[in-house]
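What follows is chain A paired twice: with chain B in the first complex and chain C in the second.
Presenting the complex of A and B:
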């Protein structure tokens, strides 16, 4: 079972890699829409990448309204 | 017509395979222009049939196969009409789209949807008329219509019910959630999974195999295996039109087209 810290790091690394942001430039409290510069369609892409990476299903309604990595990680952690 | 390039899509025939490529910004929303070009496509089926084994439907748009019905166009077209005029317009649109989707569903060759990215609402309904769905691992499927006070109107419930059974329809419809390609394959919606960006290549590989079978037997098997649920499709049109007359639908459409929410397909 991953710890919150491990999950957080994996989420930040995955987001940085796929949305072409410098590794290490993202922090847990960042607004990922602003920091990654993504729109609603790209948010779905992020959701798919997270689901594929962690091997989970993360229903859209559980992340609706979520915009910071820390909350996103807590939603993922509850499904691991 | 073996090849065609329109405003919203194009097709090209080569060696027994016709590839239909949806290509309308931003995400292949299905509106009147795409419908007219789809009508043109299916009108050519009889001429294509004798020398066609497979039709592959895919998308050239980065974000996915199709985001579904063009709700922005729908809203703009009906916002200033009377209730009766709205209903007549919607019913006419549905009758036309059902005629096209029924034609693809019963096409005298094998149809494959090569799906990537979003495949929502009417886009999922288009994929569902195909015999085989190949999806890349980033594909997502949803029926978000309930958030508009509607049900899917392009044949989605009867066809998903025909192919997979009612339980998965209820899951998609009553939660409005989108499911990923892995889940879609697990429930039987997706036949084959492809690596990211490889759905069309996998569909072409399928086509190469399908072409080897006797066309008469293939067509007979398809007709036997895949009856069109005409009665349920008629009921769907009637229920959609009944729901469409409710004021809540116009309010929800307005909210959707004006939304800046990251997940406008959820209530």
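Presenting the complex of A and C:
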């Protein structure tokens, strides 16, 4: 079972890789829409990638209105 | 298709439709690769009656208002039919709003009933705005886990304890059918009161261009609370016996699969999603091996030549088989709406033999005003007025550009509880759209920007700057005000709109990093699409009315004298 810190790191690393920004440039409290300059569809793409990585299903309603990595990680962690 | 001229109300037409098309498929609901549900029209009716009975037994009367806050799914349509069957007024609300905004609209609309999904209710039920919506008497909650406290709500699944059938309550054409909020909230919610006639007339006009029939399938992706999806993803297909497909996820990969799996006939998209599809296709074309790419490009060139005057769906499907198969092979025009689509995107799809029925409309006008009739396809216009629509350009300038005004049986009766705003918007029977346009010689409408201090995002969301201002209240500066940048510096463009925050600092105050941080923190409280993108410092006090309201137009005129690129500090 991953710890919250491990999950956080994996989410940040995957997001950085997916949107091709430097590893380590993202922080848990970042607003991913703003920091990465992405739209809602790109955010959904990231979710699919995270789902595959963690082997979970995150329904769309669970992430409705979420815009920071910390909250996103907590939703993922609760399903691991 | 039912002859809608014979009907007085949405409920009356739907009541006959579920009988006439009893054995046809009405709804398909899928979650990722799993199909949850498939209903015939008879089964749809059978699922509606207990809901209508529960409403009526709880004292829900004709003319009472009932809100729906749900993602696109079968129970949205079942709930809506139950409300219309009971003679009620439907208040479709946006599930993407915050809980506080939703409570404000529930209160403003005077809704007595709310039908919502458990994940939404979980947040809504606990929000502080609940105490103010005193008229709300019943909350019906779908998808609630077993043994969960529903915070005063009742389960969708619990049938009425009273025996018997619900009563059908007829309405007349001039009665209110829905109250549709055309934007978010803030200071002044704008609830468009739409009549049954508005919908019956709009449906006749739209289906004359884009007909539905039993066996056709519409993929419902745009939120159903949106005027377009309500019409082409519910009322339109239902009175023609076609099927509506709902997906419980909007992940692009599952949406793509759904086209093929369900052989979709029609879909409506906002420009953002259409552009995303374009990007995905372009990437696939670019990845083709040089030889294959050459063949493909040649086929596109042939298709372009063959479809110059009008679309030839059968020929295009043959020529560009693989592209069309990726969309299920039966897709007719993609309907795009809610915001302005760039001509380049429209052209991209048309060249592939997938026409995009772009048009122009607003909630106040009853969905669509103009639609591209594809005779021939034009990427540079929003098409011609729909049948029954009178459209004219008011006070045109030397270039023929002026404000677009509309008169039609589809125009709303007015804004709820806002007689002054209604009188400003509907003048002598003409709806003033606030959009600038011009007719060309072929009778096509071209749009050139907005006259109103409002922006429309690529996702089809309307944002009024006044609504965004609440988060900047009591900001530690002398005064502040939010504007649409294109309102101050007209761009004559329908895209690239941004909000800016105009600030007047206190004497001796400067824009410190701490102040910037405070502005950013407040800005981040807004949903992403509503955020302010820049700051403009104003060096004199804001002009105000006798009642101390900011004179926006005067302030905008002052700001217009500044150079946009140097005056706007990026946030």
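The criterion applied here is as follows: the second predicted complex is superposed on the first by the 80 of 80 C-alpha atoms of A that agree within 3 Å, B and C clash if a C-alpha of one lies under 4 Å from a C-alpha of the other, contacts with A are read in each partner's own complex, and residues count from 1 in each chain.
Everything that follows uses one rule, which is that a contact is a pair of C-beta atoms (placed from the backbone, for glycine too) under 8 Å apart; a residue touches a chain by one contact, two chains touch by 3 or more.
None of the values given here were measured: they were computed from a predicted structure.
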Partner chain(s) touched by A:10 [first = chain B, second = chain C, both, neither]: neither
Chain B versus chain C as contact partner of A:49, first or second or both or neither: first
Touched partner set for A:40, first chain B, second chain C, both or neither: both
Partner chain in contact with A:61 - chain B first, chain C second, else both or neither: both
Contact residues common to both interfaces of chain A (with chain B and with chain C): 33, 39-41, 44-45, 47-48, 57, 59-61, 64, 67
Interface residues, chain C side, partner chain A - complex: 32, 71, 95-96, 98, 117, 119-120, 248-253, 272-273, 276, 458-459, 524, 527-528, 531
Contact set on chain A toward chain C in their complex: 31, 33-34, 39-41, 44-45, 47-48, 57, 59-62, 64-65, 67
Touching residues on chain B, where the partner in the complex is chain A: 26-27, 63-64, 117-118, 137-140, 142, 175-183, 261-266
Touch list for chain A against partner chain B, complex: 33, 39-41, 43-45, 47-49, 51-52, 57, 59-61, 63-64, 67
